[in-house]
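Okay, handing you the structure first.
In this document, chain identifiers A, B, C and D correspond to the written order of the chains, with residue numbering beginning at 1 in each.
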Amino acid sequence: MTLYFLCLILFCVGLYGVLRKRNLVKIIVGLGIMEYAMNLFFVLLGYRFHGRAPIEAKDQDILNMVDPLPQALVLTSIVIGLGVTALVISIALRIYEKYGTFDITKIKRLKG
Amino acid sequence: MIDNPKTGMTLIVKTITRLTVGLIMLFGIYIILHGHVSPGGGFAGGVIVALSFVHLMLAFGKDTAIARISKNMASNLESIGAMMFLFIALLGFLGGSFFLNVFAKGSPFDLFSAGTIPLSNIAIGIKVGVGLFAIFLALVVLERSK
Amino acid sequence: MNNVTIIPFFVIIPLAAAFLISLVGRLVKRSGEVIIFTSSLALLGFSVYARFLLNSQVGKIMIYKIGGWMPPFGICMVLDGLSGFMLVTVNLIAFFVAVYSLSYMEQYTDKPKFFTLFSLMVCGMNGVIITGDLFNLFVFLEIASIASYALVAFGTEAEELEASFKYAIMGSVASAFIFIGIAFLYSFTSTLNMADMGRILSYKQNAWLIPFVGVLFLMGFGLKSALVPFHAWLPDAHPSAPAPISAMLSGILIKTLGVYSLIRIFFNIIGSTHGYLTILMFLGVASMLVAVVLALSQWDLKRLLAYHSISQIGYVVLGIGLGTPLGIFGGLFHLFNHSVFKSLLFLNSGAVDYAAGTRELKETGGLGKLMPVTAKTSLIASMSIAGIPPFNGFFSKAIIIIACLQKGFFGYAICAAIGSILTLASFMKVQKFVFLGEIKEKLKNIREVPFAMVFSMVCLALICVFGGLMLMPSLRFFLDDAVTVILKGTSYAGIVLEAASRQ
Amino acid sequence: MELHILLIFMIFAAIVAIEVKDLLSSVIAVGAVGFALCLAFLVLKAPDLAITQLVVEILCLIILIRATINKDLPLVIEGRWVFNTVSTLGFIAVFLLFSWLALKELPGFGEPIMAVVKKYLQEGVSKTGAVNIVTAVILDFRAYDTLGEATVLFASVIGIMAILRRPGRKKRE
């Protein structure tokens, strides 16, 4: 419960960065933090006390594993996050090439 | 290293890289192949393979890396990897359903087991490895050509 | 191999097309064009066929179990009245836009990449529509979004890159909210299948969780569909894209990713309560009025159209938010009509841009004589969007207004009428400045656009003219079945699970 | 307990990453968050995720550092956005308040319901042959998701190559 809440605070730190920072790299960093937080949140939801990693072993009981489904979904989500981050970085680099700055206030459309 | 692309980094870095880059790539391939019996899988292994190329490029400059795999070739290989995965999915129709695991499952804990899963891992590994390398190459080429 | 085998091909075809184009597009000349034309034609054929096939099914629902796993354990695809309706809409517009872009994209370099991304976008939208699994919906939503971020920046000019950056950031924030919402729902119900989730939610008690998740989804999908408090990215992103992509984005992307997903989740999974419907109606009316007022002061043709997209989405959301059969019917009908005429308008603006090289209203004029087809089709589309009687826009707007009156929301009905009048005003401005008046000196020697572009515009204009025929009893099943799915609400769960065990 | 420490460390590192003036420091701080996340995955018994997160983090850091190095490092000027900042903070406060209320109704930490998943655990090995249940889920039970995931990466690779190509338009004649 406290862990979930801390995780959402981390999410909000990222959200704050995305919404309020005036620098393209800072915005990307904020986005990355949001992605970390949401991945961690989902994995936290699947943790089980005294559980073990969801890999079968010959001499172990089957049913005391942690929930493997959130892990599978978060694997997907990490890759999606990587794709988005790389795409956004490449856009930011092209913008830098055009304007010579990462500062939003000097780029006309991104104001406001 | 950005100022002088021909030479790359210092001799120490180059020597270490020469020793380790093969090992890193081998480790990536190991992770891809053992995805169904141990942690890891196509994505993690693919990223490690991509990192081995990136490692090479950072140490020796981009020409050395491009000599091994060019951007067009990377792009084509990626499409082939994606097609392979789709093809594995379509193989399921042999058994009657999209994405059905049609092959024999074999015995658990073996390397050759789990039907189509290792094949999918290989397809994803190829795709991710060359795809991410293509991204990196495109970004570096952009920086150079300014 | 039975009837339901058709369903996965809505994803397989565009996916295979995308992979093939990126592989052979550079090597074989013109292969990209051939593949994109064939695949989008096939998709259109398949979607119409699937829609008719649906009529012969028990309960008008088709389930495809991927990998043969039963629904709560594997992913299933669900084709019901609503998905069938959306599939036909998406693939219809995608086909005409694909034909149009065969000629239009000559202005840009590297056409194979464009067609690859276009195919991926269509794949993402089809995937969102037919999936029956909540996380799968998220994945395909991301495919469509990422392809569209890249397509917005396809021209690689400064303003396109900026618009794309803004769009990508807003879109990713929206995705993050949706993901958190899915995480909450998964933890609460321990399933990801939409039907199973609906079943569990219907008996599990909670006070704050579902409203909170509802707000998360409302923010997420509201951002994707650009409802008014979340609309800031759209007027930049849609005009910056190449014209065919603007048509796709405004015509179908915001509806598929935004409105359709919103409907599916709010009506079929969470269950629509009075509170959600009120919020939806309020957002709808706000979008309708705010955006149309902003549109009046625009001088860039595509930017003006983009503001109208927000405004028209407002009508759709208002209709659906009413929650009555007639209101939902009007909302969905308007969704279809708006896809057609807004795509047509963006294609027109692309044609003007292609021929005249500008889309500033102050720099054009008198193009009507030089580009007769573009002028006439654009007149038809303008009258449709403004709700002039014989065209399709009139019927859907009239139905929404009548539904408002029926339920006693006189204020909303008046707002809808005012919005319609303001729309008419702003499109009279477009007609006056672009197609009527004196020809500017430097635009003297422009010609009508190539055949492929003319073909798409004429076909879409014909759909605008005859769109009202969909109200005829023999064709009404197309909309009626979609309305039925929404009205059945959370009994969706029972229907899907029952059909899954049967098929 | 170690999770609490890791999370608090991550929050501090994230705040540093957001607030520090120098871009390179910011990127390195976000790297710290990423590696802490990797450790958290290990503690949470998710080795697959830990490996993936680690390598993805390395790649992201290399790309981000190359993007920011040798570039001007402008001081991020702020000050006249007081109203906006306050309203953003207000929104975040409301968000956190309601999320607190909603979180109370979730099953407690460490006790997931695992209704559907039970079947994966029981039949995963016999039905798919894969010992690693996460792999069994992503490549068999939910392989369609993985196709989508591969497609996302494919889309972003093609998108990046499209964005970075030049020239973007042919010259008008």
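The rule is simple: contacts are C-beta pairs under 8 Å (C-beta built on N, C-alpha and C of every residue); 3 or more make two chains touch, one makes a residue touch a chain.
Remember, predicted model here, so these are calculated numbers, not experimental data.
Touching chain B and chain C at once are the following chains: A, D.
When the C-beta pairs in contact are tallied for B-D and for A-B, the bigger tally goes to B-D. Farthest from chain B, judged by the mean position of CA atoms in each chain, is C.
In this assembly, the C-alpha centroid of chain B lies 21 Å from the C-alpha centroid of chain D. Averaged C-alpha coordinates put the centre of chain A at 23 Å from the centre of chain B.
The centroid of the Cα atoms in chain A and the matching centroid in chain C are 28 Å apart. Touching of two or more other chains is recorded for residues 47-48, 52, 56, 59, 63, 67, 99, 104, 106, 112, 114, 116-117, 120, 125, 131-132, 134, 136, 138, 140, 142-149, 151-157, 159-161, 163-164 of chain D.
Chain B has residues 38-39, 41, 43, 75, 78-79, 82, 86, 89, 98-99, 101, 108-109, 128, 132, 135, 138-139, 142-143 in contact with two or more other chains. For chain C, residues touching at least two other chains, in rising order: 15, 19, 22, 66-67, 135, 139, 142, 146, 149-150, 153, 156, 161, 164, 187, 192.
Under the stated contact rule, the graph of chain-to-chain touches is complete, every pair of chains being in contact. Interface of chain D with chain B (complex): residues 47-48, 50-52, 55-56, 58-59, 62-63, 66-67, 69-70, 125, 127-132, 134-136, 138-140, 143-144, 146-147, 150-151, 153-154, 156-157, 160-161, 164.
Chain contact summary for the complex, chain B toward chain D: residues 2, 31, 35-41, 43-44, 47-48, 50-51, 54, 58, 71, 75, 78-79, 82, 85-86, 89, 98-99, 101, 105-109, 113-117, 120-121, 124, 127-128, 131-132, 134-136, 138-143. Across the complex, chain B meets chain C through its residues 72, 75-76, 78-80, 82-83, 86, 89-90, 92-93, 95-101.
Residues 3-4, 7-8, 10-11, 14-15, 17-18, 23, 26-27, 30, 33-34, 37, 40-41, 44-49, 52-53, 56, 59-60, 63-64, 67-68, 71-72, 74, 76-78, 81, 84-85, 88-89, 92, 95-96, 99-100, 103-104, 106, 108-112, 114, 116-118, 120-122, 124-125, 131-134, 136-138, 142, 145-146, 148-149, 152-153, 155-157, 159-160, 163-164 of chain D are the ones touching chain A in the complex. Of all residues in chain D, only 98-99, 101-102, 104-107, 112-117, 119-120, 140-145, 147-149, 151-152, 154-156, 158-163, 165-170, 172 touch chain C in the complex they form.
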